[in-house]
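Both of the next two complexes hold subunit A, though its partner changes from subunit B to subunit C.
Our next item is the complex of A and B:
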């Protein structure tokens, strides 16, 4: 483990973004401790030692580059193009973190300018973008926005000198091997194929009719809760699959079905087996799952 | 001579171009260089997809965009002859989470932007502690997330209500967290208990406060900010909520306001391409935001400040920080009176039946946010967004400056002018989208 006295230098740059990843990061419960472990040369909101103009001169490098937003080669920050900025800092850095789905895969801002914008190492699922082929060096923390604890995990691992294993899309396996479905409080309804009757109910699963991508999305939102307390499905909103390269899909509040069977089945499950299982599960009538859970009004 | 200053530590990036005589600022133009194409992205999509995409216009006020979208869709339903029914429960949950988003914004602005920047002007003894802002904001968003699932970027408001189904468990958890946040505000920010602060009727009452708010108040006076940064002394509030009143104000005199009078035009900046737009009510520029809201809500303290110091930086900054207190109280009331027995959601007719236009207006942290959309069988044919920062931070010609431009003219130097600019709570992502 490297000495605690040595602080890796960090620069946080923004491409085409809504700043949501910056604000998500500010929710990290151990933010002060994490900032203690780095020398923050530049960050768009947090205290730092350089100005954006100084950063844009590309005179020195940094150990860790965090990049938020889609990559548009022509876009300028303080008069320097992203192409130059990313070229310089990513070249110097030991680690590059793509914070959020835009930086990882292009996200919604690839959707707005598909021929121009991309992620750092991928455009959608395709290895494209200025750092393509650098899997391992580029850590993709997809999510719209990035979950603060995922960024905390990656940065703390770097500070501790621990390697971060990633999947084929450059996402840390420790965070993205799970499905968003994992830990969802509606799992029992999922198993017995009971869909939520309508929005605004805590009873029922959102997969069958309401568009939930939980079983198709690599993310640990229900294991590491958002803001420490919740997740979309806990409040009855479907998962929109924001960590996947195809985010944002269309008709996000609906499930595409074929003869009332979801067109896509959970990752890793054979469709045929799934259909058989569904038939059997549906034939059970479980009274407990048809009743309201809490009537405390 | 034209001097360029790059403004950072805002949401995104802005450029200011100054004409000066000696050091004194004689003219300023504002450019927002980045454009993202959010409106076009929505066309051809089902309107409910906008509930997921528009929060991504802005990482710090996405919830306001969500509410503007849902209100616009519901307005289209009404226009098409299928009015949407909302329970009181759904309404108060929506307002509660909006209020919490405003609270997090104001904490961040005070601690991460205003106190450090005021110190840079040479004001001593402010003791800025930026991470306090992050801490308090995270506490506010945690309460928000109990009902909305997450912050930033939740999509829990849908036409007909909200997707959540909270129980007394969440209400009690939320109340506990809110009490902690209020205790933080009382101890660190205000230096006095919330209820007492809310009885203040004159700025003199800030004098004895040994707190961040007390230091801010003294610091603003020390920097002469009670005499600087006046804009038009005309205000507008358009969103309808329990914490403010829709009105157009000349000084403090209220008049009726009607959003159909709102129109936009391209911003003017001779030295750089800017993607900003100017917003006017009728022919005129108006200032929007917490100061406007406090005056239209007839707040005694802010009106007292206004009587003494007009629409100066002092009044503008203090109104925003003070609004944090008003909103904390509002959040407490909303939680206490949350009617959990009602349904969260009443399903409206299928969206495919809706061919109509709709407008949704919300008071976002920085002022009125307007979403306008036209739907054809539930599909977005046209979408346009007018954001609060476009009202305040437009850039126009010398004979007719936008509010922030007018406020900057006459500043002693560029540093002071940029602080005046920041007093509007600058957000470049909202200004351009």
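Our next item is the complex of A and C:
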């Protein structure tokens, strides 16, 4: 890539976080090329030109602010509150990215301290947090953690000057328009209502008895695989719906049912239509789908 | 008479004949004669007795489904809806006994006639779906106890079917309507949360 005259400046700040989004980002295969496109003023782990103390002085601004973790107005970084830091840098920046579910909707830290913590512009689905009045400015890359390719997509778009279209919750439509269910290798089992017998098995779907949120979750995990090879459902674990504003829910391995009927059905499908299809599909026994793919244990 | 009306006429005539004479004894010429059409013309509507048999169960299932759907979509508690379903079912058994007869005596007892095209829930799905919606709403609303669907369904429908059977055999001392309130109460007590 030829060097460019203009490199947007980037600051990566952390709120209340487990560092998961930073670590996820380190797995981006083209991270070095991506970083070439920015002037990284501050990042907690990556090479950068400023210290945290210098960043906390709020002397200059940045073009792109990436924020990781839940927002807690009282929390301090190098003696400056997050409220001041976010107020200053988000005000200056042309683009604000909330990396991960905590920064987007509050996530697990909001769940444990709902009165203190929120996302940058939302708490759950409600506009809240320091940028609630500027919802349109924040690109929410929800996920626990954010998929590195999604962050790569957003930053590359910004570097290239391409606009990033977002949904009502600020999530880029290119990444979140599909369901996590789309591209899942277990779809045929879903259609014929054959549920998995135990975690880790390749055969069966995880929707009916194991809490899979794939059909209710906007995410492209089964289209853009993690580390280029896998997803939760591919290894036999249910999707936990980590990209949705109601994450984390309780009992992640359970499907809530009323008299054996799933309480929630795939997004956009009426319960009546879903139950009709289910009843009919269940009437058929498909031998191939009841068997192991390869009987090797 | 339009084609749809004629079809409806065949369906109700066939149901009555099957109830009176039995399924195997009743022939297509019998049905055709009773609706006043030639056997050849009859085959334009239903190409075989097995196909007619399947259409009849679909017709009944849709009829049941449509009315229970109205109850589901109406106002009221699960308790009220149980009463409404019992009343509807008994009214139907009194006014159109051939429909329930067909369901209980022919569909459930002659499964071989329905073969693969009616496997499992396929032909009764409009009705079963509405019962599922009823139970699901009842549990979600906190009024009914969470349990296996078929245990609840069997209890509800088995009870109604049993009463209609006793009524049809002229064993019940009183008309069905006499029992409506107490049966609805029994079903509600068996299904409600404690």
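Keep in mind that, in the parts below, the second predicted complex is superposed on the first by the 289 of 297 C-alpha atoms of A that agree within 3 Å, B and C clash if a C-alpha of one lies under 4 Å from a C-alpha of the other, contacts with A are read in each partner's own complex, and residues count from 1 in each chain.
Everything below uses one rule, namely that contacts are C-beta pairs under 8 Å (C-beta built on N, C-alpha and C of every residue); 3 or more make two chains touch, one makes a residue touch a chain.
Computed from a prediction, not measured in an experiment: that's the story for all the values here.
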{"item": "Partner chain in contact with A:26 - subunit B first, subunit C second, else both or neither", "value": "first"}
{"item": "Touched subunit A residues, subunit B compared with subunit C", "value": "B"}
{"item": "First, second, both or neither for A:263, with subunit B first and subunit C second", "value": "second"}
{"item": "First, second, both or neither for A:47, with subunit B first and subunit C second", "value": "first"}
{"item": "Partner chain in contact with A:282 - subunit B first, subunit C second, else both or neither", "value": "second"}
{"item": "Doubly contacted residues of subunit A, that is, touched by subunit B and again by subunit C", "value": "none"}
{"item": "Interface residues, subunit A side, partner subunit B - complex", "value": "14, 16-24, 26-29, 31-32, 35, 44-47, 51-53, 75-78, 108-109, 111-113, 144-145, 198-202, 221, 226-237, 240, 242, 248, 250-253, 294, 296-297"}
{"item": "Touching residues (chain side subunit A, partner subunit C) in the complex", "value": "257-261, 263, 271-272, 275-276, 279-280, 282-284"}
{"item": "Subunit B - residues contacting subunit A, complex", "value": "6, 8-9, 11-13, 33-34, 36-38, 40-41, 45-46, 48-49, 51-53, 56-60, 62, 90, 108, 112, 116, 130-131, 134, 137-138, 141-142, 144-156, 158, 160-168, 173, 340-341, 343-345, 347, 429"}
{"item": "Sites on subunit C touched by subunit A in the complex", "value": "69, 119-122, 125-126, 128-129, 132-133, 135-136, 138-140, 144, 146-150, 152"}
